[in-house]
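Structures incoming, each one as structure tokens.
Shared between the two complexes below is chain A, which pairs with chain B and chain C, respectively.
Our next item is the complex of A and B:
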């Protein structure tokens, strides 16, 4: 895997994280927003072992404990297949220009980007992050006309479900250890910036859904996608094309990251497997067809804390024991 | 150089250059819905409308496309005409599945007859002007759908002629509001942009500012309308106060009789922890200041 810089790391993590945010299946009101803040705090705690001065290198650890490499590869494959499941379920909900031809085009794009490698995706990520911010700005302006402030009030209901939902949607965290080993200099600022940035976008979208979308977004299965249908800033020109572009871009970057990470793990274990990395895409697609989306998310969510913090702690312990011996 | 070329090529993706020609598409300006399901469509620069009978919105649009000889794009629809035949589900399907604009105006009328005889552009213009001048409260597709999802399942919809209002339930049941209640609704939905109010004796009073405050105390929801007037005598202020108070109270009374909520009572209840079903008592207060 080639080197990334801090901005590229931040953009890659943010784009992958916002994809899951966009496909949030339900809102829990302001209680859910509070839960998300708590979830972000837990994410920061999970990342603490990764932000130390001397972090064991991922590639060396995998080569010493091959089973760990398989676990990480399987995890990224499952998280990528959950992405396919989200695309299948969420896409028709708020994006009306959806067809089989569009899905095929997206798959071909993902195939191309996954063969191009993470370096290429890393170069594109900052530009696409700007596109994401532009879409959010347009969404905010469009939704701003419909804001009713009385809808926003403090609730204690939904804190627990918001916390669990936010934490379960943070599968990209497990990629931090791997990616930190592949950037120039310290990646800590990127990770420390990505966590509040993702939370900030989630809170903004939730807030807009509550005050501008009201009961209309609350009653729909994918409230943020319904919000895009409501947030049309201009009367004579719809913003659907921009939202569709952002939606597809987020998915492609998310899949590219997961495919690249899973492929990197497999390549470390079996160098000849490098050419077979694009085959991970049909594997992910197949898994998404076989297993229900909630099952895939549950499996990944249970492993995420372990793989984010547990993996690096385990590697650190083994190195200390080896040094002591 | 490669990045520059890519950046220059990127906007081409957003132009739709590869899609079908403008003449191959029909852009709907107005849609009328009746029963289950008769749909009439008036396009831009089209007189009259085309009528289709189908089982669902998707099917009706397919038939329309076959009749029109091209794809139909509903994203720029400006007017939706409905009647009391229970088209709530069809309206929801139009918004969620066909991407009708959330700012589309909704009008209570006989859909087919109205669109065959009237130009939707003039109707939309009249509705917008009435809203801007404060003659009608602001209503659009998004507000109608949201009100249908509320406790009352009733939306406030303007009537053909842009002067009167009806309370339209999602199942089609309709309650017409009196003229006095219509005037009260203007002040209770949101602070209207009126610049003067005419008293019963024909005197016009200039309005500098109108504020609407919604609160809840002791299980009662209170709407306070505050007006700042200019160049009005105390007796005129008193007459204005009485007129608006009666209008707002009539609006609340007729709304309660229809078990509807079109002034945001549910939001106030939820924010203050008051049960919204059944809707609590609503008190109206009017304050007129010089």
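Our next item is the complex of A and C:
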């Protein structure tokens, strides 16, 4: 079995989650931050069925209920294609460019990384998590110079949209059940650490955007990407290079994870499909072009809670019923 | 039909004729008939492979002193049971076995009426004396390295580890060369399964001859075409001892002064023996200098190119003006200029490596001073570009272990940075990171102990703790082993 360890699982989930956080389309102020805290609470509740000791094994369950495997594979494919949509939609924020050449380059890189498998992605994840932390540290230092604390005040508007946006932006949660089955030892600490870590990062970026960016970030789409343009730690030089590196690598990691997960589900159902797994990438790109932006997000957001907790509850119930019979 | 598998006939003349037939009268095969204890015998040796003094003292003199014996069977009984002759002694029965021993530096005694032959090890051939390793020099450690003679290398190891747990296994490899290879490990620190897999990899090697480690490496590595090595090399006995103590396996090849070490960790490329002679704080500082040098050598020309071409806003005004001024009159685009300078360096390096040492120095002067100076003066290459390239290649000397991968990747990064800017560098970096993370041998990922994370292993990677602490806990690389499949 290709196994991951707790640190790798934590890093994989965090990197994938942070990609969605970075591409948060709008800022809802402190109300939105409160909503995100609530959203994180709900995510924790959704994860609780997965953290029990006797969780039905993912691979065995989807081999018994093949339709479930197809649903999960489709979900991860859709969530991956949503990543392409986010990349496309966030291009006007100015951090990166969306062009035929750039997409082709990304696609080629992802083709290579996705063929390396989930274990390789897991090994690479902690290194990229260090790059992410470094970028966040530079961003915080850079934003520090522009902070006006008075900009931060409590407001109740935006709680609902913040809650929904945060909850919906966690497609990687649906992968927890699958990934927990590939962990050496218990993966619960990794999941329990990932939820607050992602929330912490979201709150930090939100805070920085509000207190350092003020109206500028509040009025812009993709406020966190706008923040990278403002947060420059050095007087004479800009640090966009580091942010761009982090942004690009986060996207590749996110896409690699989604392709790997979808491919894993398909391979469990159809072992011969292993070689065709990289083909999922063009499919994702195509889907993102056919169903751009919010349509995909809405579909994925509706499915996420069901797939995170529903799958495992369904499998548990079926096992219990079988045992009773 | 006489073959190497044919058993020795009881007639001495036929034995000698058979040997001459199989070797086609090769001139280095020497066969000297003589009487020993009243029995007709012959001593067969290979010219240049034996020590005449050892042959005379250990074999000829004791045989000459033998009293008369009734028959050849009694003679062999006496030699085998009562006379020691040499420590390395065996009885062989086929023509092939006789020739194999003769060509390995044995003196083989044939006797009339016997279908066996006594082989005595009297090896002695000219060899290079033990000297300082050419590629792994250090300041505070021993100044001796392995030589081409496998047994000398084994003895250098044994001198440092006088424990019965250190085991050597000899396996001849190569259909024609029958080159001795030796598997070395500490029996209590290496799992039998790992030893079995490496042994199988070596013994199943289908080669005619085995001349360097590069011949054997692809048979040992699981991904021989990978960008990064999963097997390391060393020519230092002290370094190898340290690695064996950590539960690794070494493979020696006769005629090669390098030992292959399995498994390899990427972090080891930044470690040297001197790290363990200096104070820990200084060793840790040097480690970080090496880590920095690795990124410099890999990325500096690419970052310079990418920033100058695609992201000039990242430079401060002074630097930007300086570069604009320097690059304004250059005939080539910046990426091409960078690739050109780096290729020029590779050509000069290769030329100074292959030429005789006397001329090699001249090439360095010609390349470094004349061509470099002339290229800048003529306006073909800008001074900042030459400076960047010089810093990058100098930084590369700090991690010589990674030279092949770094050389290629540096050029690729320059191309990616020149074409697509920092995004290109980031994407290529991802591909390289995945290539590194997918490298493993026998279930040992090269990225350990960083990923998978082993906190105990970080004490010699992120820092270098003192020996009092390091010796605790009997660390072996088995801790990094992952189930494959």
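Basically, the second predicted complex is superposed on the first by the 318 of 325 C-alpha atoms of A that agree within 3 Å, B and C clash if a C-alpha of one lies under 4 Å from a C-alpha of the other, contacts with A are read in each partner's own complex, and residues count from 1 in each chain.
Just so we're on the same page, a residue touches a chain if its C-beta (ideal position, glycine included) is under 8 Å from a C-beta of that chain, and two chains touch if they have at least 3 such contacts.
Quick caveat: nothing in here was measured; it's all calculated off a predicted structure.
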Next item on the list: In the three-chain superposition, say which chain, chain B or chain C, touches more residues of chain A.
Entry: C
Check: A:153 contacts which: chain B (first), chain C (second), both, neither?
Finding: first
Notebook entry, point to check: Is A:65 touching the first partner chain B, the second partner chain C, both, or neither of them?
Noted result: neither
Check: Looking at the overlay, does A:245 come into contact with chain B only (first), chain C only (second), both, or neither?
Finding: both
Notebook entry, point to check: In the superposed arrangement, does A:232 touch chain B (first), chain C (second), both or neither?
Noted result: first
Item checked: chain A positions touched by chain B in one structure and by chain C in the second -> 96, 235-236, 238, 240-241, 245
Note to self: Show me the residue ranges of chain A that touch chain B in the complex, using the header's touch definition.
What the structure shows: 96, 146, 148, 150-151, 153, 214-216, 219-220, 226, 229-230, 232, 235-236, 238, 240-242, 245
Next item on the list: Enumerate the contact residues on chain A facing chain C in the complex.
Entry: 1, 3, 5, 7-8, 96-97, 101-102, 105-106, 109, 112-113, 116-117, 120-128, 234-241, 244-245, 248-249, 252-253
Check: Can you list the chain C residues touching chain A in their complex?
Finding: 303, 307, 311, 313-318, 420, 422-431, 433-435, 437-438, 445, 447, 450-453, 482-483, 485
Item checked: Interface residues, chain B side, partner chain A - complex -> 13-14, 16, 75-76, 95-99, 101-103, 142, 145-146, 149-150, 214, 264, 267-268, 270-271
